[in-house]
Each structure stands twice: as C-alpha cells, then as structure tokens.
C-alpha cells in the first residue's frame, strides 16, 4: 500500500502531472498493489483493489485521464486471485503501453491529413498535435507552421523550440493575429485537455477562437487527442469545469493591487463546439466529434447505466 | 517657412505623432505659413501654399489624417491674398477646433448606445472608444468593462489605468479569452486607425477577432472614430497597407536568432469587414459603415473626380 | 393659437393617432397658425412659428413622424411675413398631400417586387405593406398571403379581413408557425414603426423573427415605410426606445396576480438589423437600408450639424 | 384478452394519452395477457403474444412510444412458457419502472447543464424540460425562466403555474418575443414529441424558431426527452408526419366562415435540425443528436435489418 | 433624322451591341441630330430632341446603358438653340470619351486590390474584369488566373485566349469546379450586366455561385463595372428581368425533341446579393454595393422624383 | 486460379468497372477460387484465400468497394476446409445478392423523403439517386426533376434520358444555374463515389456546390449510397485522393497547346462536408453522415484495431 499512497501523494501535489503521465502512474500503482497482495480470497482482493482505485481517483477529481486509466485496469476478471491478478497486470501493462504509444499513433493517423505544401496553424503546446506535424515533416512533406505565443504562459515558445529542433519552418505570432493569418492557413491542428460526450473540445484558452476563424474561412481544424482525454462523466450531463488560474500569470500583482476598480480574469481553457471540428485524431482512428460517445462506451468501456445508477443513488 | 519645415521634420521623426496631433500640427503649419506670407499676388500665395501642403503630405505618406487636414485647410477661396488668407486661417482654426472637440462629441453620440447595466468589451487603447465608455459612466449608467491586454505592446494596460482612474469596474483578459467572455458582453466598442471607402475598419491587430466573435454571438460592435480617419485614397481602389512592426515587440532577439527555422510575424493592424460593424460613431453622427463614401465626399470634401484625374495621369 | 393647442391636446391624449395622421395634423396646425398670424414683422412671425413647433413636438416626444413633419413645414423661407407664410403654407400642403399619397406610391413601387404566383408572408397590420400586396393583386398577379395572428393584440385579424375584402387568398397562422411555413414563402413584406439612421427597422414584436427565418431560407424581405418613419435622432447615436405595454394584453390580471413568482413581459416592438432586409420601399423609391442616412438628410432635410450642435449644447 | 382489448380501446379513444402513459399501459396489457395465458406450449404463447402486440400497435399508428414499449417487452426469450412468461413480466416491469423514473433521471442529468444565475427559456409544457429546471432549482441554483405562452393552446399557462408552484421566478412572453429576449438567455430547454434517427427533433410548433434564434446568438439549446420518443421507423427513411389540428384552436369558426378567401393553417409541431441542438438529455445520458441511431439500435433494441426486410416485403 | 433612324435600327437588330457600344451610338445619334437641326426656336429644338431620345430608348427597352447615355446627353441646358446645341454636343462628346475611357480607369482602380502572388478567379468574359487583371499584370504583379468555361456559350474560351495573349498564367476549369478551387483563390473578379439600386449585381449565370463559394471561404469578390450599368429603374422597385435564351445553346434540338418529358431551362443571368460583394470598381471609384443609389442619382444624374411622378402617372 | 487472374485483369484494365460491378466480381472470384480448392488442410485454404484477396485488392488500390467486398467474404470462419468453404460461399452469395438489391432498397428508403409535389434537383448520373426518384414516382407522387448537365462528360444527358423513359418531367440546366433554380427546389438527391469515416461525401465535381447552395436556402440534401461506398481507410486518417482526369474532356488539345500560358485543371470529384447533408440513405437505413463510423465497423465489419496495427507496422 505504501507504493500506492506515495504515488497518490505525488499526483495530488502535482509532482506527477500531465494527462498521460498521471494515467500511467495510476495504472502502475494498481498493478503494484495487485502484485503485493498476498491473500488468497478473491473477494478480499476485489475489495482491496476497489479501495485503492478510490484513493487514486480522489487525488485529482477533475482530471479526465485518471478515471479512464483506472477503469481500464479495473475491468479485470477472474475467479481466483491468481486469475484476477494476472488479468489486472495484463490490463495495466497494456494500458501503459498503448498510452505511451498513443502519441506516435496519432501522428501516423493525423499526418495523413497534411498535404505537401500545407501551412499549418497550431496553438499552445500539444504533444499529440506536434506528433501530427512532425510525422508529416518526416514523411517528406514541405510544410510551414504558424504558432501562436499562447498567452499568458507562452507555451508557444516551447512549440517553436520543438519545431525548430525538427527543422520545420515556423512563424511565431501573437494570439490576436490568428484571424489575420488564417486566410493563408491550409489546416489547423490543436490538442485537447478533455473531450465531452457530445464532441466539444476543452483546450487551452484561445482554441475556440482559432476554430471560429478557421470555420469562417472554410479551413479544416483537426484535434489530436489520446482516448483517455474523453470524459465519461459528461455523458451524465456534467460540464467540464473551466478553471481560472492565478492572476499573476497575466499581470504583476503590485500594479494590479494599485488599481481598485481593476481585476484580472484568467480562465485556462475554453470550449470548442463540434461543428467547428473536422475530425478528432485519436490513437484508435480519426473520428467525427459527434461520435465521442462511442469512444467512451466502446473503447474506454464505461457502462453508462452503471454510472447513472450510481449517480442517481448518490 | 522655417516653422513649416520644423513641423514637417517633427512629423517625419515621429516627435509629433497620433492621428489627431499630426493633423492639427499640419493645419497649424499651413496657417502659420499663410500668416507669414508677405506678398500681394494671389497667384504667388496659392503656389506657395500648395508647395507647403506637398511638403507636409510627404512627411508621412501613409498617415490618413494628414491629407484630410490639409484638404480641409486648402479648400480656401479668395480673389485677393487677404481674402484667401483670412479664409485659410478660418478653415485651419475651425479644423483644429473641431478635431479637438471630436473625441468629446463621439463620446456624446456613442454613449447613447450603452445601456444601464451593460458589460462592454474593448481592445487596445482608443481615446475615442474610451470617450464613449467614460460618457456612459458620467451619465450614471452602471457599466462594466472587459479590456484585452492587446499584445504585443500591452496597450490594454493603459486602458485599464484610465478606466480605473474614472472609477469604472474593469476586468483585464488575455487576447485569447475574447470568445470565452463574449457571451457575457452586451456591446463591443473599439477605435480605428483608418476606415476605407467601403466601410472596412483598419485597427489594432486582434480587432477583427473581437468583431468575428461578437458577430457569432449577435453582440453589436461599434467603432468610435474621428472623420479624419476615413481614407480618401481607398475610393481609388487602394488598400490600406498593413505595416509589420519590429519582431522585438514579440520576442527577445537573442532567443529568436538561436532558432534557425523560426521567424516572427508582427502585423500591427487587421481589417474588420463592414458586415461585422453595427455603426461607426463619428463626431458628425452615427453612420452605417457602408456609407463611408459620404463622409469622404460630403464631410471631408474630397472631389473624387479630381483625385482620379490626377491618379490616372500620374 | 387655440387651434394649435387643441390639436396638440388631441395628439397628447391619443385622440389623434397613427404615424401619418399625427404628422398631417401637426402640419395642419402650423399652417393654420401661420394663416391666423396678423402681424407684419417677419421676426415676430418666426418666433411664433418656432414656439408653435416646439409645443407640437412636445406632445409625443418619441413619435418619429412628428418632428419629421414639423421640420418639413418649418423649412420655409421668406423675407417678409407674406413670403414666409406663403412658403410655409405651400410646404404644409405639399407635405400633407405627399404624406397622404405615400401609401399608394409605396404600393406602386413595392408591388413590382411581387411576381406572379408568389406566396407572401406578412406580420401585424401595416397599411404600407398591404398597399404593396393589394397593388400586386390589382395588377393581376396570382398571389397567396400567409398572415400571422400577431399576438398579443391579434392585428392579424384586421389584416385577413382586409385581404379577404380584396379577394386575396390568405392563410392565418399562429406566430410560432413562421419558420414552419417559411420554406413555402417567396417574399416577406412588413411595415415599420421607425427606421434608424443605420437601417435597422423597428416594427411590431415578432418582425425580427420573420426576418431571421427568411434570411435562414434565402427568402427576401421588403419593408414598406413612408419616409416620415425614418428617425433623425438616431443619427446622433440615440436608440429607439422599445416600449413595454400593459401586461393585460397578454394575460388576465387576476390569474397573474395569483402567481407570486410570475410576471409578464410585453415589449411592443423589436429591431430587425439591416443585413436581414433586402430593400426598403418608400414613397421616394426602393432603397438599401444602409443608406437611410440619405433619406434623413436629403429627403427629410435634417441638418445633422445643427442637430449635433444643439445636442452637445443641451 | 378482455383486459388487452379494454386498454387498446382506451388508447384508441385517447382516454389513455400522453407518450409515457400510453407506453406503460401497453406494457401492462402485455404483461397481464402473459399472466392470463394458461396454455403450456411455447409456440402457442408466442403466437398469442404477437397478436396482442399487433392489436396494441394498431391503436395509434403514429405514436412513437407505443412500438418502443412493445418492442422492449416482446424481446423476451425462453424455451418454455414459464421461462418466457417470467422474462416477459420482468421486461414489462422493468420498462414501466424505468419509464416512470425517466423524467426524474432526465432532470438529474440535464440540470447539470444549468449554472447558477442562468436565465432559461422554455416553450410549451414539457414535463421532461420542467424536470431539468426544477432539479436545478432544488440544487440551490438561482435561476430565472422565460416561458412562451405557446399559442394556440397556451400550454405556457400550465408551465408558469408549475414553475410558480416551485417558487421559480418566471416571465411569460408572447411567442413573437422569443428573439427579442434571446440575447438575455443563457440556455434554452425544451421537450420533444419524437426524435428521428438523424437527430431531428419534432416538438410543439415554434420550437424550431427558438432553436434558430438561440443558434443566431450562440445560446445552447438542450432537448429533454425519454428514450421512447426516438422513432425507429425514421431509420427506414420515413419522415414524422406533422399533424394539422382543428382550426378552432386558432380562430372562431363563425368569423372564419364569413371570410371566403381566408383559411387557417394549424400545424401542431415543427422540426428542429440537429445542428441547432447542443445535446439531448435522455434518462440514459446526454447525447449528441447525431447519434440517435445508437439509442434506437442499442438502447431500444430495434434490429434495423429485420425492420427493413419486413418493410421491403410489405 | 435619317442618321438617328439608321442607328436605332442597328441597335434594334443587334448589329450594334454591347452595353458600351450601344450607349455611345445613342449619344452619337443625339449629337448628330442636334447638329442637323436647322431651326431657331429652342422649343422646337427641345421637342425634336425629346422625340429622338424616345425613339432611341424604345429600340432596346431592357438595355440599362441606353437610358443612362441618353439621360446624360439630354441634361443639356440653353436658352437659345445655339446654347442648347453647344451644351448637348459637349455632353455627348464627354459621355463618349468617358465611356471609352471607363474600362481603362476601372483597370487602374481595381488592380490596386490585386496583390503580388494572388490567384484570381474570373467568370465569363468581362472586359472590365480583364482590364483589372491585365493592369495588375502590367504593374509587374505575379498573378495566376482561374477561368471558368462559362457554359453554355463558353465565353471562358475568349477569356483564356485574351489572358494567354497577355502572357498571364491561366487555368481553365469547368463551372462545377468553382468551389473545389476556391480555397486556393485570393480574390474573385467579375463583370456586371446591370447593377440595381440596392447593390445587387446581375451578371452571367453562375456568378452568384462564385460569389457564394467565395463568401463561404472568406474570399473577397470585386465587381468591375462602368457606371452606365447601374439601373435607375430599380429605384422604382423594378426588378431586372432575367432573360431565358435559346435552348439550343444547351442541347441539340433533335435529341431534345425526342424526349417528351424533358425540357431545357436556360437563364442567361443570375443575381448576386450585395452582402457577397466586397466592392464595385467603377470608373468613378471603388464603392460599396449598398451605395449604388448615389451612382444613380449623383453620377448618372437621375431625378428620382421625376421618374416617380412619370411612373405613377403612367 | 485462372479465373481469379482473369477477373483481376479485367478489373485492372477497367473492362469491369462501376463500384458495384467491381465489388461483385471480386466476391465471385473469391467464391470461385474457394470452390476450386481441392486440398483438405484448413491452413492451406486460408493462405490461398488470403493471397487471392491480396491479388484482387491490388488491381484498383483506390477503389472503395473492392476492399469492402473482400472483407465481407473473407470474414468466413470454419475449422475444416468444408466448413470454411461453405461459409465463404454463403458470404459471397449474400454479398452479391445484397449488393444487387441495394439500389432497390435505397430507393424504397430514400423515396419516403420525397413528398407529393416536390421539385427535386440531382447532379451527374447516380443509379442510387435515380432509384430514389423513380420509386417516388412509382408511388404516385407528382414530382419534377431539375438535372444538371454535369460537365465535362455530360452525364446529365444519361440522367434526363432515364427520367424521360420513366415519364418523369425533367428540366436540364447548365451547372452554373444551380443556385438560380435552388429557391424552387424542395430536396436535392445525389449519389456518392465514396464516403469517409467522418461523413464527408466524395462525389462528381460540382456536388459540393449543389450542397452549398442547398444549405444557403435551407433545402435538404440527401445522399443515396450503397454501404460498400464507405471508406474504411479514412478511419486511419487517410483522405480520399481526388483524381484529375484527361484535359481533353474539357478542351480540344490542339487549341489548348496553341496557348502557352493556359492549362486545364480537371478534377473528377469534390468533397461535401457532413454539415451540408441531411441524411445518407443506404440499403441498411437512413443515417446521419456523422455516424459513418458505425457503417464501417458494424455493417462492413472492419476491425479498426487490426487495420491500425497493420498500418503502423507497415
């Protein structure tokens, strides 16, 4: 149990962070706990594993990847402890492997949408989106990238550094210049923090403006996202909470506090509606945003009825 | 002539800057030159004044307010030097006065569009737009303002300081958050750097994104602009040149030069189409963008046929 | 003066009502007062006429047709009382005549937009709109009309009665069915209560829904309106106030007062933006809504600069 | 059999009415008939049950909930009469229970989309929509409702009475005022009479106008609907027939008959396209309208291939 | 008079054709008739000139350029025959000269909208549109053209031949491929057969499809048109009649007549709404389509009130 | 094997062509090869069948129907050669039968969307689309068809001949006249060459223009397509390649080669986005374009995970 609590603490304290890293750590914790279990009663095993899962989920209640990872691993079956343990370990390993592999696969799938000569716009710093762009470049396509700086935290600076490393010609622009350059853009590629059951994409603040400007000029936008970004709880009607971050990201606190009538609003994400998205590229295929439901039920394996029953009871 | 050359130099070197200040300085220069003229031949007077006008126009060939000011003053008539001088001085004084008064008048006109309880979004730092907001506040309307920071030069910081001074509740947001907050906005108020004959508004980069997001959510956008912002040359088909400014405004040059494949694009303005604009509030009334032609011909007094003849010849 | 005060009182008490009737009564009052004037000093005449005009304008400060009528008549010139009186009377007679004639002229102009076989949708009960429809019928065109009932006051019942009288096949529908039937409609014809300087049309609540549904299905909408419906004060930025009428029009007061948490909102008009209007048919021609400014300045003769000066002073 | 025929007659005569009530009555009838069956041959049992099902379906051929209920119950399996009967009864009970529970579940799911401070617009009188609103209120959210009167039958009066009972602040408006108030609305919640395989929503006349006006101002619309409202036959291409109801609902017959050229058109429903719908909240989750197909095949259990074969044969 | 009748006959028989050629021929005819007039009474002169004008207008009642030319010339003034004749001749010469010069001027104005590197789409074979393209090429801009073949008469073949002659790289496409290539187009340039008072453009069938596809992908469309294409009669509400041409242009008559149930519809023009047009480039400037009214009244000199009076009488 | 090679050659040389014919020939070839197999080892049988399948797929790598047919047949199971062969033959026969029957079934499904009195627009020459129209006519509905000529190959001439044969009133129009006539159209019916996983429809060049014009005027468009038109590879992100055909289809080569600066672009297809499509009518039902994924996985039986694994490896 020590191991589990340690990992749980690291997730809680954000020592472990990033949707994929969190998810794999949780799978690892479950696996480790199953290995350490030295009882022989399957009932006991099940109870302990459930408790462990609950501890892990509770560390970051709003993270989308965490419950997805746990659901994947906890779907084990077995009549004996050995059977159950073996299946659980297999599932944990498989999840970890496929999760690690997901970004590469998304690159392989998404890059087919990039044509030779394309100018691509991207926003913030998404590894899945960069995987798409990098793969197109590796495939010998002559591409240019326009990257936004992505205030307030300027993740665009990470993006241009990575693209520079890959030898891809890139222009950096301020976030306000998105519509100005959109007429020259052939395709927009962005990542996702979470995807809802009806296909809305929650991503870094500003994404929905790119999407709107792309839609206005008939430019396709693709979202690159691992399946563990799809939020099962949105099937229950829940909306993804948009966190507001520290105002210091936007403005010096001294200056701010000197102005009595001024405050700073700093939402971290916004919501892009499915009608502005051409396709979501996941590691299991390029899909319409409208069928996100199928990812949640068929790929992630959530049983909506169970969730509902639990929900209504609670 | 010294005076004229001095003023011309100051405009050229940008010691004198800002559309209104430039325009008034040019009018002042013409007036001063007329006062100094000590000949008696009207022909001579006309020639000298024309030369002076040409010198002034040449200082900043792309400034819209300069030719407008000069045209206003140079419309003088008179059969003798005295008559001509008197009329010229009257016109110069009248232009200077009405130009100075324009911002206040725009406030009086535009503020009628603000209703009690409104949330107003603004972009960059336009004195005309702020005049509209300030007047609504003075009229006792309970208003809130959302101001963008307006990267790269963060003119939004000037805006929030001015609004704070006036005691108006204001939120500062990053430019990427425009669409996120648009659903809560009742009206958008922005300024203009130039307005074309068919009603397009050239303004600080990002304005057209506000306009697009406003249009998407059925929020009215008003442009506050003095009549000297209307560009007569666009009647001849000319497009307003969008200047790209120093990349250092966007990114540290050392970092940038270390990345071989990365460049910075930094356009200063963008173009908002008339279909996204509800009304342009000028000091001579609230008009449809589509009738900008009338401002140029009837208010600014440009004779299109003359311009064309000159143009075609040249 | 008795006559003027009497008419003023009748306008105030709404004994005289309807935009056209009010306008003509005011013109009549001015004419009558000019005829009764028995002084010889032009200055005295001018002062008295101005006072009379002010009295009349004050009777219904929000009526658009009243200041338009008075401006038309008060534009008289003359160096002597006789000259001035003659001109004033000529102007009053001309206004009254052209105002009376306007509906017929609008019919002649607007009906050219109706093609044989057209299905026309209309809303509320506008004499100008009906004049368009009636003229098309008189011209032998085979037309059908779909008329909304126009809750809460069911003016649609007046409309169907008038159309029945004319022998025009008409279907009555509830206001909610507008979009349902729009696919079968060839053209929408409505009236106006007021038109703003930037071409927005203020008309019976529900008009903007017809316009939206027409726009969605690429169906043209024409507005039939006399020029005295154009509001000069909107050039100063002013918005047309939307009056909320008695809740009893919507619901029985006893029932309503029994429900503590329920209230009724009953706005009489809504605002249709110019982008949803194909053409405004006035008695002086079929114009783009965007050039309403020209009607106000060139046809109605308002001097914007004067209005502004007065406004800013006040 | 008496019981079945009695229920069938009550459905036919509309003594039993309302989508949910009809559906549950049919399930009850099947259950009752299975209980009364006193044979021992499974073949005989199956034949009798099929005949009963056909009788019930025939009572209201256009009701969507009826075939859905019967399909649910008739999906029983069993090799002996006892097995079959037990399964059928279990299915009938389960359908009845879940159908009764559906409205509450929809409230639990849909209310998560309502935020504190929201203004909600609704149309007509849908128990599912009201369940969403009531639950949000119970959850302590401060909400306001705008309810249309919903001519011609004024079901809005029922709605405001129910909302008043719950202590929710509500404004009643005429149907024509929908677009006028839409700018102040945060979310629209409506019910459904039927939902097609491609996600179109058939609901009370006027619903599609709310949806259009909501779409125009970027306001989300959610549909609250039990799964038995989804129409399996639309998968075969069939369109939902829009019934036209008695003209007396709209106008006094005496008045009407006096006008030779006037008729009344009174369609009861209209069709809202999926692109105007954010999400459909059912008792089994909040889904995209585009995946209605999945509800019909996976939740309601229709075998499209069977339906097609039968259809093509017939 | 012989000369006039001869010219009239040639216009009627379409020996003289093309909007510009017809217009200049009519001006020439009036001039020639004035020169031949050998009376001395101004009244007589006026009567004869009016009759001549009527004869000319009657030759092609639907041609827009004809009444425009005649109005221009017939605006002469003079108290004596000599004065009148001199003025008439001056006006005729001026019209002929400016009409001949118009295409070149339009090229000078419109070409400023073309940027170096632009891909331009055009439709049919408009000399004004080609003047814009040719001038941009002459100015050293590197441009590509995509030209539609323009069924049924394949005027695109003339266009590509002219562009080839000029050395401009051109691709020919079928009319159905317009939307396919639109994403690569920077600007669309087309001509006009007629322009209405509210800014609609009547041009070769297919133009409105280019405009729609351009609008969908935020591509600007400019119309190149001489001022004599603006139709004064549309101010009276009149719509421009869309002629249907010989079916043989579309299909072999033998084949067609063998198919009893098949007919051919062959409209020559369609109507592009002003909201799809960025700017109309005329020889007197680049204007918003919405202010076409100003061209008709201020440039072409039509007195709407006169037209109306005549119209209403007739 | 001879038989297989022969068929393969005929497909390659396009002696066998048309999506349905190719698909059935491939199924036939597999069946024939299975029948000829005279070994007894199931492993051997499986290897030979796989090789045969590969040969067939390679004949036309871009044809969508070919891999779909082969996947259907190759889904056989069996532990012995006899079992496997029997299942394979059953599958081949079933595919051939259902493929032949598909057009009729599509007609039965799609025709329900046609109402009595409808005017239908169609493009090119699709047997599935014509089946829909023909069935509506057979059902006694009074319909009219507008058919485009469909340059460059004028397949519209085939369409009007077939419709004439059926006695259906039809108008032929040039492709440029689509928007002109769209206002009179009640429904658009087209076929498909391929359908992607996210619901885009690849069809004859010009289809997307019909769709755009239909969307602009709120006219529904339905696509009639057999399920073997759905492209499984698009799930992997792949885009459907748009072939450019011989320029001679568009223009005489002699004329063309005489113009140095002119070339012809002749794409055969274009892409219609799902948001412009109301419903896709397949032989297994009328579905939303957005759920094409379900057709590919559930109906065509592709295992995306397998495809991906293979893909990533390759």
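Every chain is named by a letter (A, B, C, D, E and F) in the order it is written, and numbering of its residues begins at 1.
We adopt the following convention: contacts are C-beta pairs under 8 Å (C-beta built on N, C-alpha and C of every residue); 3 or more make two chains touch, one makes a residue touch a chain.
Note that the structure is predicted; figures quoted are calculated from it, not measured.
When the contact pairs of D-F are matched by residue number against B-D, C-E or A-E, over half are shared only with C-E. Put simply, the C-alpha centre of subunit C and that of subunit D have 45 angstrom between them. Look at where the CA atoms of subunit C average out and do the same for subunit F: the two points lie 57 Å apart.
Centroids built from CA atoms put subunit D at 36 Å from subunit A.
Residues of subunit C in contact with two or more other chains: 216, 275, 288, 290-291, 294.
If you check each pair of chains against the touch rule, the ones that pass are A-B, A-D, A-E, A-F, B-C, B-D, B-E, C-D, C-E, C-F, D-F, E-F.
Here subunit E touches subunit A in the complex through residues 182-183, 186, 216-218, going by the rule given at the top.
Against subunit D, in their complex, subunit C makes its touches with residues 146, 148-152, 157, 160-161, 163-164, 167-181, 204-206, 208-209, 212-213, 216, 242, 250-251, 255, 259-267, 270. Residues of subunit E that touch subunit B in their complex: 104-105, 108-113, 275, 278-279, 281, 283-288, 290-291, 294.
Those residues of subunit F whose C-beta lies close enough to touch subunit A in the complex are 197-199, 234-239, 273-275, 288, 290-294, 304-305, 308, 311-312.
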